[in-house]
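Next up: the structures, one after another.
What follows is a pair of complexes built around chain A, which joins chain B in one and chain C in the other.
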Partner chain A sequence: MERNELENRVLDMLEDICEDDAVREERDVDLFEAGLLDSLAAIEVLVGIEEAFGVDIAPTAVEREEMNTVNKIIEQIAVRL
Partner chain B sequence: MKYLESIEYTARTLPQTPALRTSAGDRMTYLELWLASEALASRIAGIAAPGQPVMVYGNKHPLMVACFLACMKAGCPYVPVDRFSVPPERVASIAAQIAGNAPLPVLASEPFPGVEGACAVELFDGDELFRIVSEGGFSDRSRWISGEDLAYILFTSGSTGAPKGVEVTADCFDNFCAWDLELSGGSPAVWLDQAPFSFDLSVFELAGALASGGTLFSLVHDSQQSASALLAALASSGIEVWVSTPAFASLCLANPEFGQGLMADLRLSIFCGETLPNATAARLLERFPSARVLNTYGPTESTVAVTSVEVTDEMAGASDPLPVGSARPGTRIRIVDASGAECAPGSLGEVVIEGDTVARGYYRRPDLTERSFGACELAGAPVRTYRTGDEGWLDGAGMLHYRGRLDLQVKLNGFRIELGDIEEHLRRLPEVAAAAVVPAVREGRVSHLVAHVVPAAPLSTTPFRAGLALKERLRGALPHYMIPKKVAFLDALPMTGNGKVDRRALAETAR
Partner chain C sequence: MGFYTSPSFFIALAAVSAPAVALGLAGRSVRGYGMVASWAMLALLFAGDPRGACAFALFVAAASVATYAVWRSWAREGGNRSMAVYRLALAACLAPLVACKVGAVFDCNLLGFIGISYATFRAVQVVIEIRDGLIRDIAPLDYLYFLTFFATFTSGPIDRSRRFASDLAAPRPRSAYADLLARGTMMLLAGAVLQLVLATVARGFYDPASAPAGTLTVDALGLPVAAREVLRAYGYAVYLFCDFAGYSLMAMGASACFGIETPANFRAPYRALDMKDFWNRWHITLSTWLRDFVFMRFVRAATRRKVFSSRLSTACAAYAVDMLLMGAWHGLTPDYLAYGAYHGVLLAATEVYQKRCGFHKRYRKKAWYRVLTWFVTLQLVVLGFALFSGQVGGLLARAFAA
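On to the complex of A and B.
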């Protein structure tokens, strides 16, 4: 998968879960601190990643600091593809 | 008070039984808990008159529970405040409401933020509490609470921006506790303690575990911050009775390890605080074949919960939402219309709770108390009544079915929130001209809150950044679960024909 396509699909998913299109621009904002993700929404992200990319990330496999920004989430998928 | 006597009985007959364990490794036996609360009660009685509320501040440390018991023994209602759910400004607002003539006693097992000049405080920090416990002392039994004395005052979101304190009496507590033991079988068990002590869901396990000679297993804040820490804590817990909001259970269910293999001894799960989705119940029954699932319902004003039903596979698998159950002995549920007249069986109306666990009222708020509380007779005895503001109906079997709220209160992940409370805090900010907060609903449940804000001056940055800044301002004043997920800026709030904010129109734009 092209990097561009990966990014776009992640952005679509996060825009949906965070309910805010600003995630497309604000890729280094801490989504938990910004109130856009909480523990439950973070699970939705993991489920969404599995559905969209077939990449299975267990909730226990990543700590919050490893997946708290748009760019970090993209990276976590990229290294597993 | 029966509750204190039950704990005393275990402390005397089986003193080495573990009473409290936390995921941080702290523990107390019944004997230690009893002696600690005796010493603390003696100290509290020396500085506070009977009836004077005492703030107990902390997270899940065993000392916090010892302080609750100590307050009961000193005749002083305790006011539980969780460090991670209640921000400093809110702590100050609560302190101002409960202060008396003497400095307000604050028993803080976590670093106390202070109360910003709200009132004078006599602070006992963790070291001081340990010192009092090690020096020992005994309570004066004539000061123990009983009957209509207050056991605790629990502050919940109020529609005007200040939290309001629900007055739960010793009898309310004992009457609830008797039913709690009936639901759980009454034999000593290890109970999960997950909800913050400032949320009365936690009274399910405080009452049930300690009155039966069982053990409270408390998940400290740190253990709830990552899935791996949470699962590790649960794996070593030995939990037999689970108490949580449905939201917390679905968070756990996202981990495939969460099942009978992780908690082999689990035999009962109790849910309260919000609607239990059928799917969550079904997955729990599947993952924990040996554990029964109970759905319960009740506002803080009627002491934790007043109805219950065991959820069967069939109920969980049905398309109808789960009922919240039938009334406990000592409680009667009535459904009334807007004029207060009884509705025909099966029709929707406001849920009224009558019985021996209805709280005395709101602390120092006769205006609010009069609006919602009343009196009646039940089985020949005088009891209080409470108009919940919840909408529901009773079926032919006397089962209550909950449908939602009649006002601007919402439940988000089990937390009770008055939208007016958030709006008032937004309006107090100089950069806000007008504000309305509406819930966004996904698949029938509130998924998050959206604040619609009319700025006082043109935004000097992107709406996203301006929204972040507003959320940051709110964070100092409101619990984390009350911070809206999204801030939308508008030129004006839409109005209905009669000049009220058109919340329906706002809810549409939130979709």
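On to the complex of A and C.
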């Protein structure tokens, strides 16, 4: 998968889960601090990643600090593809 | 010998810690010695309890075989990744605890031993994380050490195997060990004051029969019955915190002597601003364990299968399951089950309130609102402990008997 396509699909998914298109603008902002994600929505992100990319990330696999921005989420998927 | 309660424990702790400190301060690994010391301490713990010792040996054997089977099936190259093996392994780790809790209802304790509740958490975590692909290699001796580490054996804090193994992997430099030891010594002292002094005084206050001479008791205040019961509940809450936080600090301190940085269990719990906040501060290693291995997995499974119509109802169901299990883990008695159900309902209600209520969203950052939610949370917490201690159950039983 092209990097561009991966980024677009992640952004679509996050916009859907966070119900806010702000995720598209600030890709390095901490989504938890910004109130865009909470621990429940974060699990939806993991399930969404599994469904969209076939990438299985276990709940205790990554620390929150490693997956708290749009760019870090994209990176976590990219290293597993 | 009661861990962290009987005087002989502290004498034994000093004796087994001295060589560990000498090794650590020489910049050498405490791992090998720590294992031997742990097993010596467990021998003292189980001295005079051969049935408990057998049950414990059986548990370690079952958990080891189960873990090896899961590792062969899931982590080894060419393993067949069998769900049946995984489920059987989980069942093998959980069976002694379930038998012990169910047996306790019928006054028949076959497979139980002191510390079984905590040992089960450690064993189950390893099995789940091997299947998740997070644990690839696990040295058999390190695994045994993780299951049998004496400092946290009886009542936690519940460490995680990958974190524990990282402490064993490389000996700390001399200065890093000295720093850990200094912090550990402070924790041992602070924990001893909390548990042996403050908790004893608080206990004497709500339970005058156990009061040390010269300390204040609730009976001495000459209050009407209702006010006395309320004060007893607050006294119990103070006691429970001092007792458990004191124990946990001592367990962290003893771990530090052996170069193990056991995670903290408490973070000013009575300052919590809501019930979710409370569980991030109270018995933290239990609530995060349940969050990672029950709550999140329940939410994940429910989200995948689209069991519930909304994220909010998924969360409410997950909180209920999580907390009911927490209550049942304490014991299958009406008091503990009510305690679990109570917290499940409160957490679900908190979630709905915070997500749906405009009033909360508007004022949540205001000082008066925070003071108000702190006060309400504290009352709910104290009421929860009155359920936990059996005070509410006892009052209800007496009211119905009268």
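Assume the second predicted complex is superposed on the first by the 81 of 81 C-alpha atoms of A that agree within 3 Å, B and C clash if a C-alpha of one lies under 4 Å from a C-alpha of the other, contacts with A are read in each partner's own complex, and residues count from 1 in each chain.
Please note the rule applied: a residue touches a chain if its C-beta (ideal position, glycine included) is under 8 Å from a C-beta of that chain, and two chains touch if they have at least 3 such contacts.
Computed from a predicted structure; not experimentally measured.
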Query raised in the report: For the three-chain model obtained by superposing on chain A, do chain B and chain C clash or fit?
Result: clash
Report task. Could you tell me if A:63 is touching chain B, chain C, both of them or neither one (first, second, both, neither)? Result -> first
Query raised in the report: So, does A:26 touch the first partner chain B, the second partner chain C, both, or neither?
Result: first
Requested in this report: Using the touch definition from the top, say if A:40 reaches chain B (first), chain C (second), both or neither.
Outcome: both
Query - chain A residues touched - chain C or chain B, whichever exceeds - result: B
**Report entry** Superposed model, chain B segment overlapping chain C, candidates 290-298, 398-406 or 416-424
**Finding:** 416-424
Query raised in the report: So which positions on chain A get touched by both chain B and chain C?
Result: 39-40, 43, 46-47, 58-60
Report task. Show which residues of chain C lie in contact with chain A when the two form their complex. Result -> 129, 132-134, 291-293, 296-297, 299-300, 303-304, 311, 314-315
Query raised in the report: For chain A, which residues count as touching chain B in their complex?
Result: 18-20, 22, 25-26, 29, 34-36, 38-40, 43, 46-47, 58-60, 63-64
**Report entry** In the complex with chain A, residue positions of chain B that touch it
**Finding:** 225-228, 231, 247, 250-251, 254-257, 413, 440, 448, 450, 462-464, 468, 471, 483-486
Query raised in the report: Where on chain A is chain C touching in the complex?
Result: 39-41, 43-44, 46-47, 50-51, 58-61
